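There are two complexes below, and they share subunit A, which is joined by subunit B in the first and by subunit C in the second.
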Partner chain A sequence: MTETATPRETPTRQAPSETGPSQRRAALLQWIAERGIFVFTALLIVFAAIFVDGFASTVNITDVFHRAAPIGIVAVGMTFVVISGNYLDLSVVAQVATSAVIFIGVSNLYGIPLAVGLAVLVALLYGAVNGVAVGYFKANAVIVTLATTYVGLGLLRWLSGGSIFFGPPDGPIRAMGQIRIGPLPLSMIVLIVMALVLAFVLNRTTFGFMVRCVGSNKEATRLAGVSTPRVVLGAFVITALAAMIAGFVLAAFSNTAVSTMSSGFEFRALAAIIIGGTSVFGGRGSILRTLLGVVFVSVLTNILVLSNISFGWQQIAIGALIAAAVSVDALARRAAQ
Partner chain B sequence: MNRSTSEPAGPVVIEAESIVKRFGGAVAVNDVSISVRAGEIYGLVGENGAGKSTLMRILAGILRPDEGEVRVEGKALHGGAKAALEAGIALVHQELSLVPEMTGAENIMLGSFPTTAGFIRSADMKKIAADAIEEIGVQIDLDEPIVRLSVALRQFVEIARAVARKPKVLILDEPTATLTPAETDHLLAMLQRLAAKGLSIVYISHRIPEIFSICDRVAVLRDGNLIEMMDIGETTPDDLVDKMVGRDLKLDLQIHRESNPGDVVFSARGIHAPGVDGIDLDVRAGEIVGLGGLVGAGRTEFVRAALGVDPKTAGTVTVTTDGRSTKIATYRAAVRNGVAYIPEERRTDGLALNMSVADNIALPNRARLSTGSVLKPKMIAEFATNLADSVGLRPPDIRRDAGEYSGGNQQKVVIAKWLGREPRVIVLDEPTRGVDVGAKTEIHRLIRDLADRGAAVLVVSSDLPELLDLSDVVHVIRDGRIAGTLSGAEADEKSVMTLAAGGRLVEAS
Partner chain C sequence: MTTSQTMSLGEATTGFSARLRAALGRRTEWRAIILLVLVVVGALIFAPTVFTAYQVTLGFVALIGLIALGLTAVILMGELDLSVASTLAVSGVVMAMVPNIFLGVTLALLTGLVIGAVNAFFVVKVGINSFIATLGMLFALRGLAFVLSDAEPVPLTDIEAGISFGMPLIGPITPRIVLFVLVFIALHVFVTRVRAGREFYAVGGNRQAAYDAGIPVSRRLFTGFMISGFVAALAGVINTLELIAADPTAGSTALLASFAAAIIGGVALTGGRGSIVGTLLGALSLGILGVGLTLAGVQVDIQQIFIGSVLFIAVITDPASLRAAAGSVVTFLQSRKSQTAV
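After this line comes the complex of A and B, so read on.
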């Protein structure tokens, strides 16, 4: 409401034609933010293949990705929440475990179709509670999903009695866990299919478009006539459905399920998303980036394991990478302004 | 430049000499000198954008002048807002700058808490705050958090905060904008009491009657220049408005569009909302209706409440298209029924700056650019290219991020995205603010084209020449109501300003 306090002429962002030192720095940051993960992932794989003993074998590589798949499935789903500008969904940790326990526990008693049906209902409930609280009631996503994590894990422990569920050793779930197409285990096939489907949803459907718009500028999107709460709700539902599928895959490959089996998934998925270069401020990011983030973190961890570097140092490396990725994102944004 | 010829009332307390301030290429304050004496109330008037607030921020050390200097009792002021405060200059901001969760006492003392070893001496704090409140003569419970106080009381707390610092100069920027007439009278009487005790007061207001009721001298700013400085006895309200507007009105030849208004398309009745106190308004097909008035008069608030962007407390809005009337309850219903809204703040509300022009244009048109909710990228590119061409986007590259364009081109993108929906009602709030002259002309052409094609157009503008140039009818809003309605032929800068500033319109002789 001031009159002349702000400059009358809105400054135009400079085209990067002039090259002073600050422009060069801005251009470099932009380049890292936009292309960094592609180049670094490729370099890391080449490096590992040449210098790390035991990396470049089919057995090792399929094992790496087989382990990474459930996290990857969670991460590609959660990418929707991050791009919508709502930081993350912590409760995926509860969602994956709940889905896995239902998948084995309920199918032991009532068969697979009923187990899957129940798991879908539970996933929709998670998505609805998180999405309504964050989208419609404008609550902070971190706090809301922290609450649903506690409640969800608490309910799961209480209802499951904390026990470990085993599928029958010759049952269909075990068989599912053994499926391979060529060298690819089922988990990786599921991840690839999920990534393709979700990339299509994000890039080519009106819903995905609105998710990107909401993350980029929520108020402008609202003023274009979009129900932004509904879009946020949709992002949480997609995340919940992906977490559910991750729970099935996780249960299938060990043929067991327990409430603690997904501990750390929420942060590992977020780490992959951020390292992939999806902006924590919302609006910018892609499913492919998240996949590359998963690959990068998994390959790096594998290199460290093969080189007998302790788990503590592996964690430090991941932490440093997250810090680097977030800094590049923030600095690139600032340089662009 | 005329100088006052009367004898000085007291010694000069604060003076600004040859102040120049530029923002980018634009000169906000151009070689302005003023001096204020002890015990004097010094009025400062001018249109929106004349440079008043900028000048005040310079006096208070918040902005650094590009040229010239500010002196307090002969000593040059250096070192920003803190130094100015220490030198005895207190500014009461146009926007309230209180911490809502803290109490009145805490807010009054914020930044100058009496402390011992880092702990606030609570009793002392309350005592000083209570003294300040007593000084300005209002009843406020200082232990209540600010959020529980009315807007008017918050304004008084803000003034108490300034007074508690025992300033030599008190600067008030539009302090009565949110006050009722009774509260305004109280405030004016209080300022006169303070001045009688020797305090120098700089009083900025759009409201001419207030200037005449308390000021000793008045300076007129226009386009950053000090036009004239007069003793209040040397001027009249009429004369002051003339000097604020400045252009020779008789020679202002306005070319009006041949307008041929059809049926009423947009109709608002009894709109109430915070800052809006019962506005009725119709816009016909093919007609451009302008909303004039001062910043803060309630124009933007009216538009946003009527369209459902912000909640309204009462009133109905009806949109009639193709003989069918629909009551509009929500903003999304408004959009569905052919309303387009181009907001005041284009960078925060109008565009997704880090998305492409094509994406921005596609957003409100997504339904027609997709089949079964799958987007058609080729169709989007073609659609966006056509619209970018029709609004004259330069360069016409729809894959660039919207944020890379200049203000004028960004506004063209905002207009383009709504053009695609062929709106029946289009509401534009400050359509050319921060836009260069060339783009401004093009945007005006687009607005006229829309009306010529039968849209009902409602324009809010603080840019008087623009408002007069575009509008077939001008409603002047003051204090949340329509203060007067002028046909395109009778509206001129003076009649609009007079209505806006609270004067009565006298028939021209």
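After this line comes the complex of A and C, so read on.
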């Protein structure tokens, strides 16, 4: 999970010869953009452990893990779309809920293997529709995934009747949700495995290299003979498969599934990715950064919840953090030029 | 484009038919017209009551069309304002919280202008892509609406003003429709006849060229985002008056439809192309579609599927998108051919 540096960025990092206040400002901004998340996450955890009552208890930490894991799984997948320079995939909301409802609802009727098979098909369909529209049709990712979110959630609510699905109380899904190794619930272990696998794909495979290349300079990548639409399609398929696994984990945790259970996931996953320091301009970022971003956002949300701060203020706080993180990235980039 | 082609082919460009063809080729509203025809024919067959209940239909067109008109100003410059949804909710709540109705409306509209200016600040001064900047605002402002309203609908103090606002003025014409038409005329005149508005096209078409030509690009971007924020706030005020309460979660399907209306109306997301008339046509077709589906007894979930699909089709049938996809197909066929040749 090493830091991803793309070829294009190396020359711009070299500081020009003269120094001055603007130089120091640029250096500071770059330091925050690159190293900030490591320091801020550590500070936040220390702050929470000392000042927030009830944070440093086993019950609370387990709760943070339970809530962070599904969002983290979505976020490590979506990192591919962000690094490829296509902003984000809003439709993960619909994808996670659809996968969860299929996992519980279909396995109740036809057994788990068929449910998983159907979920994989649906995930591939989401990935293909988003990826073809954004990659081959060069359509805007935000608008495309906004449209697929509405179509997907509409279909899900129509077909499921908007009802809540419960797994059998002694079934294998329930058992899966109860598995625990030490303090870590199964969902966290799934997140860690996913992060390792996706970090390998991003850093050590040709496809991962192509994703970073497309994000940093699409035209140059195309001229080098790479099918850039196919790379974008691949990034969306990875996101869809990650969202599917997040749906399984979410369903297994509570042994229930409903079409509204993943609301806000797109926002929190994007917040984690951006606050982690992966650039929305594409080409720069890593899975490790996304994991740190997930920790940061989850701990922050937990602090706010423990301090009885309402949902509205949480939303404002995370929105402001996204704005701050993107601003630092944009200003550092501008200062470096 | 058509003009230059006809000229290069050496055809008479002064003839009536050539001029007509050139004028038609420049138009960007084709997809909106096709959708409108399809929707009108569909409505005539499946739900003819759409046209007898034209008061309802007009009201719905005005609802989605108003936000779409404001969006058009931003999209013409190649930017996007995703925060209009939350702007509508926040300004509605602000208005309902103030006891005096005139002060409330003023403050609500001011809120819209401020939100627009903040969006423009992030885009122009900080240099963030507007898709991400306004997405952040979308979530933050939704939080603000919840905080201000305590997550519950805020009743309007001056109920009589609300009731009288919902009454038709002449025939089926409610004040909402009047305001919609006024905003339409104002924006249409602004982008076709006023210099600052004409320059929106230049900013969207080629920003560097616009800078070099001495157009104050930053100021135009600020104007565009403030128009969008103001119009969204106006929609929030109208909603609050008609419902006699402000809902912090105000309607999302209508907002999706407003995006679809602007995009299907031929307003290219890359900027520089499109027209206010196109947005009106888009809003008309989506309004008839929405009301038609409701009157035909189609449930809300399926309506969402329809409108989401229209937005999806609208964005991938953009001429630039179709060219990109066609290019991929050609490359694929060529690679097949070269492989068989080897």
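By our rule, the second predicted complex is superposed on the first by the 320 of 337 C-alpha atoms of A that agree within 3 Å, B and C clash if a C-alpha of one lies under 4 Å from a C-alpha of the other, contacts with A are read in each partner's own complex, and residues count from 1 in each chain.
The criterion applied here is as follows: a residue touches a chain if its C-beta (ideal position, glycine included) is under 8 Å from a C-beta of that chain, and two chains touch if they have at least 3 such contacts.
These numbers were taken from a predicted model, which means no experiment stands behind them.
Look at A:207: by the touch rule set out above, it reaches subunit B but stays clear of subunit C.
Looking at the shared chain after the overlay, A:311 reaches subunit C, while subunit B stays out of its contact range. Of the two partner chains placed around the shared chain by superposition, subunit C is the only one that A:280 touches, whereas subunit B remains out of contact. In the superposition on chain A, A:158 makes contact with subunit C only, while subunit B stays out of contact range. For subunit A, the partner that touches more of its residues is C, with subunit B and subunit C as the two candidates. By the touch criterion defined above, A:327 lies against subunit C but remains apart from subunit B after alignment on the C-alpha atoms of chain A.
Using the contact criterion defined above for the overlaid structures, shared-chain residue A:67 touches neither subunit B nor subunit C, since it reaches no partner. Contacts of A:225 after superposition: subunit B is touched, whereas subunit C is not reached. Using the contact criterion defined above for the overlaid structures, shared-chain residue A:174 touches neither subunit B nor subunit C, since it reaches no partner.
227 are the residues of subunit A that lie in the contact sets of both subunit B and subunit C, per the superposition on chain A. Residues of subunit B touching subunit A in their complex: 23-26, 28-29, 48-54, 57, 94-95, 224, 295-296, 309, 331-332, 335-336, 341, 343, 347-355, 359, 362-364, 366-367, 370, 373-375, 377, 403-407, 410, 417, 433-434, 436, 462. Partner subunit B is touched in their complex by these residues of subunit A: 1-13, 15, 204-207, 209-210, 212-213, 216-217, 219-227, 283-284, 336.
Chain contact summary for the complex, subunit C toward subunit A: residues 80, 82, 122, 126-129, 131-133, 135-137, 139-148, 151, 253, 256, 259-260, 263, 269, 299, 301-305, 307-309, 311-312, 315-316, 318, 320-322, 324-325, 328, 331. Subunit A meets subunit C in the complex at residues 87-88, 133, 136-140, 142-144, 146-151, 153-155, 157-158, 162, 227, 229, 267, 270, 274, 280-281, 310-320, 322-323, 326-327, 330-331, 333-334.
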